[in-house]
Amino acid sequence: MILNYALDFAFLCFGLGLAMNLYRVFRAPGVTDRILALDTMVINVLTLIVLYGMRTKSGVNFEAALLFAMTGFVSTVAYCKFVLRGDIIE
Amino acid sequence: MNLMVEYILAALLVFGGIFGIVGSFGLLKLPQMLQRLHAPTKATTLGVGSALIASMAYFWFYEDRVSWHELMITLFLFLTAPITANFIAKAQLHRAINKEDLPPTGVGTQWATYDPEVQAVSPILLDDRDPG
Amino acid sequence: MMYHWISVPVLLPAILGAAMVLLMRNDLLLQRVFALVSTLGLLAVSIALLVAASNEGPEVYQLGDWPAPFGIVLVLDRLSAMMVTLTAVLAVAVLLYTIGSGWDTRGRHFHALFQFQLMGICGAFLTGDAFNLFVFFEVLLIASYGLMIHSGGRDRLRAGVQYVAFNLVGSSLFLFALASIYSITGTLNIADLAVKAAELPQGDAALFRVAAVMLMMVFAIKGALVPLQFWLPGTYSNAPGPVAALFAVMTKIGAYSVIRFGVIVLPTTHPVTGTLIADLMLPAALLTLIIGALGILGATTLSRLAAFAAVASMGTAFIAISAFTPASTAAALYYMVHSTLAGAALFLIADLVTYRRAHDGLHQSLPPIAQAGLISALFMVSAIATAGMPPLSGFIGKLLVLDALRDSAALVWSVILVTSLIIIVGFARAGSTLFWKAHASAPEGDGATHPAQALSFVAVGTLLAGLVALTVFAGPVIAWIEVTAASLFDPAAYIAANQLPEVK
Amino acid sequence: MLRRLFPHPLLSMLLFATWILLVNQIKVGSIVMALILATLIPMLTAPYWPNRPPLKKVPAFAAYVLLVMWDIVLANIQVARIVLFMRNENIRSGWLAIPIDLKTPEAITILAGTITMTPGTVTSDMSSCGRVLLIHALHAPDPDAVIHDIKTRYEARLKRIFE
Amino acid sequence: MSLALIAALPFLGALLPGLMIRAGKNACALVTGSVTALALLMLGLNAPAVLRGEVVQTRIEWIPSLGLNANFFLDGLGLLFAGLILGIGLLIILYARFYLAKSDPMGQFYTYLMLFQGAMVGIVLSDNILLLLVFWELTSLSSFLLIGYWKHLPEGRQGARMALTVTGGGGLAMIAGMLILGNIVGSYDLSVILENKEAIQSSDWYLPALILILLGAFTKSAQFPFHFWLPHAMAAPTPVSAYLHSATMVKAGLFLMARMWPVLSGTPEWFYIVATTGLITMVMAAKIALFKDDLKALLAFSTVSHLGLITMLLGFGTPAAATVAVFHIINHATFKAALFMSAGIVDHEAHTRDLKRLGGLRTLMPITFTIVTIASLSMAGIPPLNGFLSKELMLESASQTAWMANPWLLGVLATIGALFSVAYSFRFIAHAFLGPVREDYPSKPHDPGFGLWAAPALLAGLVILIGLMPMLTASWLVNAAASAVTGEVVAVKITHWHGLYAPALWMSLAAIGGGLLLMGLHPRLMALWNATPRPDAKRIFDGMVEPFAALAGRIANTLHDGALTRYIAIGTLAIAAVSYYAFDTGSHAVGTRDLMPVHPVPALGWLALVLATVAIVIYHRQRLLTLVLVGIVGLMVSVSFAYFSAPDLALTQISVEVATIILMLLALNFLPKATPMESSPVRRTWDGAIAVIAGVGIAALAYALMTRDQAFNPISEYHITNSKPGGGGTNIVNVILVDFRGYDTFGEIIVLGIAALVIFALTEALLRAGPANDRLLAWRPDQRRAGDRHPMMLVVATRVMLPIALMVGVFIFLRGHNEPGGGFIAGLIVAIALIMQYMASGFAWTAARQKVDYHALIAMGVLIAAATGIGAWFNGLPFLTSAFGYVTIWPLEEFELATALLFDIGVFLTVLGAVMLALASLSRIGLRAGETVNVQPFDIDPSEGRTLNSGEVR
Amino acid sequence: MEALVASAIGMMTAAGVYLMLRQRTFPVIVGLTLLTYAVNVFLFTSGRLATNMPAIYGEGAPGYSDPLPQALVLTAIVISFGMTAVIVMMALGAFLESGHDKVDMNDDDAPVDGGQK
């Protein structure tokens, strides 16, 4: 079934993406790059969760994915605000 | 019909996968930080969007239940991606870029990130009361 | 009969603590009144529970109406009733002292934290579930963190960070242990554990032994058993006096848990663990006593002396516990009750001195303090009790311990008696410097005048009166405790009260 | 009255839709619940959104959203091409300062967001008067074209929608 | 009962002086004296029976299970000692009334004295060795107070501590000895023990018991080598010395040896230990006494010497010698108490008791001179005084006893001791009272008033009386006591003349002659003595105790010096070692569970987790980066929960993660942004090794556990079965949380609530005047700060996202019972949504627009949860019993109404309140550090083309 | 998979312990956080590993993973969150009071024995 291959392909892509993010976290000229890498990582991870949901025919983790999106955003903003201002809630 | 749906879904997944990996690859490949910012902001978002739509459609057609949560996630990502990008860009400006390297605003004021005036704040100090 | 009342020692302080935060956050007088009323209420309830537990067998309270081992149960037996009552007595005295000394004015939320602390302690004593014990450990710990740094200050905060950090390691270890236990036995109820652990297959033996020692080491941290005692001196000596006094019962929670698990779940006859715990505990306990005694002798401040006295008392208690016989357990229980009251009194007296001298160093001779006569008399009494000199309960406690450990007399007796001497010398040096040497450096009456703080003295007096009562009524008290210890060693009633289903 | 009840009608609609999306079902019960929440939550958060954006043409706004979505797809293909096939030394990145005429914070934000999501540009900063946006272009051999594109394709439309 | 009362009376009496002192010193002394007299009277009432040979007993149960009971008995020995204690006590009370200065707190003195008296009486009346121990140690304690009575004297403090250390320590040894004895016999009752000589002496534990008990006796009685404390105890007021060191405390050791004599004596061990010790003590102390210039020191060493004498006699182990010992106890008490009191009088009048500064007092203080002469001559053993009688008997005994088969050694040495005794006794008289009157006394001496000399005079009278008519005045008492000691009927015959062939006569004469000779040679000997280096007891004691105390302090304080890192290192190693030992000594079967296959993507997640963890270790000095990496670890942990079928955990982990990181970022703002490199490579290697040990251990344990099947069906099977039918929810995890184990959750939200309260209280403390507040007021950002505090884009986006997030929160909350979610996660989501709003527009701006009382939220949450649980009581069910039902209200669909939902509301509120209160507290610290409050939600207003919120800085 | 999970737990434990042995409060707290992760996962694994078997009725999964450890981990996560918040705040307080963030109290100006109250 072609869908399975497509799913595998998507897994592969986002998984490789995750690996690349990981590399970027380690090899980065500055902290902003790392924040960006983490932000991207969150997105890749939540995609993997959704793909895994397709594979297992279960939507049980979709709230988790939604929450990943939310918390990923909040933490990225928090890191950036820290870089910009020090005080993230001022 | 089913085959059709399957091909569309597969295409969405492949499309999403490609853009997903492009985003992360861009993050690796591009030489400047701000260039790297472009890749995940756009490509990953779209890639994820495609995958999410594929998932939604998959559950709709194959599992016979509607799962709108993917749409929620997509919506959320599209809403937040520009903000994230803006913040990361600002952080990079602040950390690593001289304001001389930027074009002038053309209206006589500075870019906000560099402008101490914008830090300046209202003289109204709330008394240090118990907020809780 | 007492059914719902079993939950009251936990719920009463919890609800009052919350109500204080909600309704009387900014009214100290109201807080004091309610705290006192509620703590006295706790005392009344605990005494009623004590009576009930003495007259009837263990009683199980099924929270949420779920049967054990599936839900959490509270178990009222003689031991838990005794510990709750001890807590309540101590709480009343400490509360009186706090109000009398005005410690509760030196920071926010003292009374709420105090109530939550009581909730945690009572919860830990009453629970019949291993994981719930962890939860209540955390309740009492986090409240203790707050109380320990009450009113702030550099050294207190820095010591506080250490206290929290070390105990977080302990909490982690607790979870490692509980996870291992659940992983092996599939249960968390203490009685159920006792039943199942006895029937473990051979292949699980090594892992279960690891889980058992990890669990015991958690309790050893709470009980300040060497080499996990390091957190105690800095914490107790930097905590506010009344808080340190309340902490006197916290170390006992460690000892209590060792007894609860060591006797019921991991008896020395256990096919898997055997005498493992006992063998490891005895040397550690002896070292604890030695370290505590050395610390008392070498203490540089009165509060550190009191802290090391707490270490030493735990050493003595654990020596008794490590024998795991009914007699030694009875000795340990009597000694624990005694040392809780004595240790608390010592911390309160240290606070009385510190408050008047603004310093409790033992090397500086400072002008005499107000009410020196009374305070020195109180110090003398508590020193006698702590050092285990006759005629107070400390002596009786030590005699009980010596008597119960006659099988390993050569080693144990020497350590206990030699350390007793060291402790006596330490107290004599401290007392003579604090109260006698002061007179040498300035004529009497030059000390700063301080408010009489009648309540503070009443509090100390209450604790010392408790010691006297423990001495005078030692006969009936020990008889009662012996029955308690005997019932621990015959856990059939405890297990039966849980009404466990058949093991599959 | 209605204003008090629905300080931000569009938001309430969005929330209504959100609830339906969340509960995954369109039944009477969920609709009632969605109505309740879509009323209550904006009232609760109204203090944080004190002004009311002058959103005049809702259909135009919808059209704008569709346009942007299409552009996003295009933008991605463009970025993908640059990332995958263009040699790094050939990439002509640069900064652009785009003066804007929009006045409404909401409109400016949407514009800035649009710029970020569409071809090769990221909104990086704003002048301290709020009248100029700082844009980073990934590959803009002709910066003026980009500025022109943004001003006509997006800003003009937003201006019509909001002002 | 009456015996117990005799023992108790002094204790009761101890309470009175403190109360009576307000009524004046006379009243105080009178009351104290009356109590003592009453006790003496009661003792007298019992005397006839005892003298008839009966044993009077009183038994009161105290701690029967321990064998420690308030059992008293009175036999001849007890009668003798109790009589001495109470009788001399009465005299001391009288004497002290006149001796103490106005400034001395007399009430305190009498209180201590009575405590001591009670303890002594208790010792001699105890019929239970544990009870005896109680009183024994009490004498140490009360003598500590008495010796240190003059608090201002450093020698007093030192002497008191020394006495307590030595006698208290001996007492502790005795505890062990007594316990052994009790264990051998099976009873702690003396009357029982005394009948078990065979059992005791044949026991393997006899020698340890003997040594331990003798340690107690020797220390108390200042026997060599424990004699050194006694002279230093002379810093006490003279009444104390007279009482403690003549008649009572030091005699306690003798009493004990006499008391245990029937069961312990008669063995070679006893003989060689006791007799030898006594002999050495006698000779050595007598010699030292000769060279003491301080009257009280002279008397102190003389006391030691006489105690040695008595000890030696007891050590001989023969009934005859024991009888002599008893007799000498009486005699010594009389003359020594008189002498001490006289020395006190001299000191009191002349303001010195230094023999070098005295002399010629004979004419100035004739009464005192008379008393001293009588008592000293008795001490010297000059006939016909009582000292002579017993010393002669002693010499006789010594001459008849062989030591290591040497028949004359004991006799010679005893004679030498007696010789010294003669010398110092004469010296006392000669150097203090004889010779010319001097002009340079510190104070003009004259005889004191009657009150002060009455007591010693009475004793001097007794010295003469007993000396002249021993058979009439003392033999009955000696008989009674000696019978009790020896266990056989003793009928002593005391005469002044034993015939020319009695060796004692010649020994006595030699002693007197030699003594006089020594006396004559004294100046030269003194010079020699002074030229000889001697060990100073105080220095030796200090030299032992002080370094030991210092060492103890160094050990304890170095170990507990506040080095948390070492604490944790030791703790970790200990845990690892013990766990390994436990594993190694048990049997383990390798797990046979089917392992789960590894798929590439999860493996990638593993890699991410491990690499991020490694990176944290490598980069931990860059703190912001560390937090970013912690974010990755949290993300990976969270996603693995999702992968391993735990969606609730994934939700919780990720939201807690963000809240934690935001808290840490808020704190990091004020903390240094980098950690300096402080530890040496060696230290890092060590730490690394410890870390690896811990990590490998835990990993191995985890693996071993995971790969084995559970031995029993886990209790969660019940939860899986009963979640829906019994708990009304389909999300089993949530039903466990709010129902099966709702009590855990109740505790857990309280933990969170307390955490917030602690943070709030700590903030309050930090913001009070003090170093922290000063630092905050002076605080300047340590990193460059960008403009634009509240970028517009975020503010605008938040206007939409906050409501959506709140909606998600409601959704997650409502579905929690049946799907992943619940009150806790919902609370965190709402909190995170609010945090987003705070980050956008600032805390103060946001908080000012929504006056939510976070304290109230926390408290309400806890109260709602508690109330929900308590509600079950009204149905007669236990706390937290849930109820649920399915309700249909048009137009809503059928929905579930469960009390668990209410409980979950409590959870929700507490979580929300706690997180927000913590943030609010941190924000207040920011405000104090100079953060200001914006009046507009964002800083740039494009509509007006200017910066909002502008104005002056600060 | 079990080996991977176990090694991850071990890694986090080791890193946590190593950081707790550093001399500044911040790494110590990070170390504690890592240890907490390790503990939580360890506790979680006491129910053994299972994929696609959430403990929720009606998900159509072939079985249920053990829900009890999950509930326990939830409790543990919440509790450790509270603890972390408190120690973070206390570390900040200690820093503000003393001007530095050293953990050990033996190598600086603070008297070992408590001193001034």
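All chains are identified by letter, namely A, B, C, D, E and F, in their written order; residue positions are counted from 1 within each chain.
One rule holds in what follows: a residue touches a chain if its C-beta (ideal position, glycine included) is under 8 Å from a C-beta of that chain, and two chains touch if they have at least 3 such contacts.
Heads up on the chains, UniProt names are B = Na+/H+ antiporter subunit G; D = Na+/H+ antiporter subunit E; E = Monovalent cation/H+ antiporter subunit A; F = Na+/H+ antiporter subunit C.
All of these numbers come straight from a predicted model, not from anything done at the bench.
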* **Chain labels contacting chain A and also chain F (Na+/H+ antiporter subunit C)** => E
* Taking each chain's centre as the mean of its CA atoms, which one is farthest from the centre of chain F (Na+/H+ antiporter subunit C)? -> D
* From the centre of chain A, which chain's CA centre is farthest? -> E
* Asked: Centre to centre, by mean C-alpha position, how many angstrom separate chain A and chain C?
  -> 48
* chain A and chain E: spacing of chain centres that average the CA atoms, whole Å -> 59
* chain A to chain D (Na+/H+ antiporter subunit E): how many Å between their CA centres? -> 22
* Asked: Where the CA atoms of chain D (Na+/H+ antiporter subunit E) average out and where those of chain F (Na+/H+ antiporter subunit C) average out, how many Å apart are those spots?
  -> 40
* Structure fact -> chain A touches at least 2 other chains through residues 18, 31, 35, 57, 60, 63, 66, 70, 73, 77, 79, 81, 83-84
* Residues of chain F (Na+/H+ antiporter subunit C) that touch two or more other chains: which are they? -> 20, 25, 28-29, 38, 40, 42, 45-47, 51-52, 54, 56, 61, 68-69, 72, 75, 79, 82-83, 86, 90-91, 93, 97-98, 103, 105, 110, 112-113
* Which positions in chain C touch two or more other chains at once? -> 131, 135, 138, 142, 145-146, 149, 152-154, 157-159, 161-162, 165, 169, 176, 179-180, 182-183, 188, 234, 299-300
* Asked: Taking touching chains as linked, do they make an open path (line), a single closed cycle (ring), a hub with spokes (star), an all-linked set (complete), or other?
  -> other
* What chain pairs are in touch here? -> A-B, A-E, A-F, B-D, B-E, C-E, C-F, D-E, E-F
* Asked: Of all residues in chain D (Na+/H+ antiporter subunit E), which touch chain B (Na+/H+ antiporter subunit G) in the complex?
  -> 18, 20-22, 24-25, 72-73, 75-76, 79-80, 83-84, 88, 91, 93, 95-97, 99, 112-117, 120, 122-129, 131-132, 134, 136, 138
* Asked: Can you list the chain A residues touching chain B (Na+/H+ antiporter subunit G) in their complex?
  -> 1-3, 5-7, 9-10, 12-14, 16-18, 20-21, 23-24, 29-33, 35-37, 39-40, 43-44, 46-47, 50-51, 53-54, 57, 59, 62-63, 65-66, 69-70, 73, 76-77, 79-81, 83-84
* In the complex of these two chains, what residues of chain A are touching chain F (Na+/H+ antiporter subunit C)? -> 56-58, 60
* chain D (Na+/H+ antiporter subunit E) touches which residues of chain E in the complex? -> 787-788, 791-793, 795-800, 802-804, 806-808, 810-811, 837, 841, 846, 849-850, 891-893, 895, 937-938, 940-943, 945-947
* Using the touch rule from the top, collect the residues of chain D (Na+/H+ antiporter subunit E) that touch chain E in their complex. => 8, 11, 14-15, 18-19, 22-23, 27-30, 32-33, 37, 41-42, 44-45, 47-50, 100, 102-106, 108-109, 112-113, 123, 125-126, 128-131
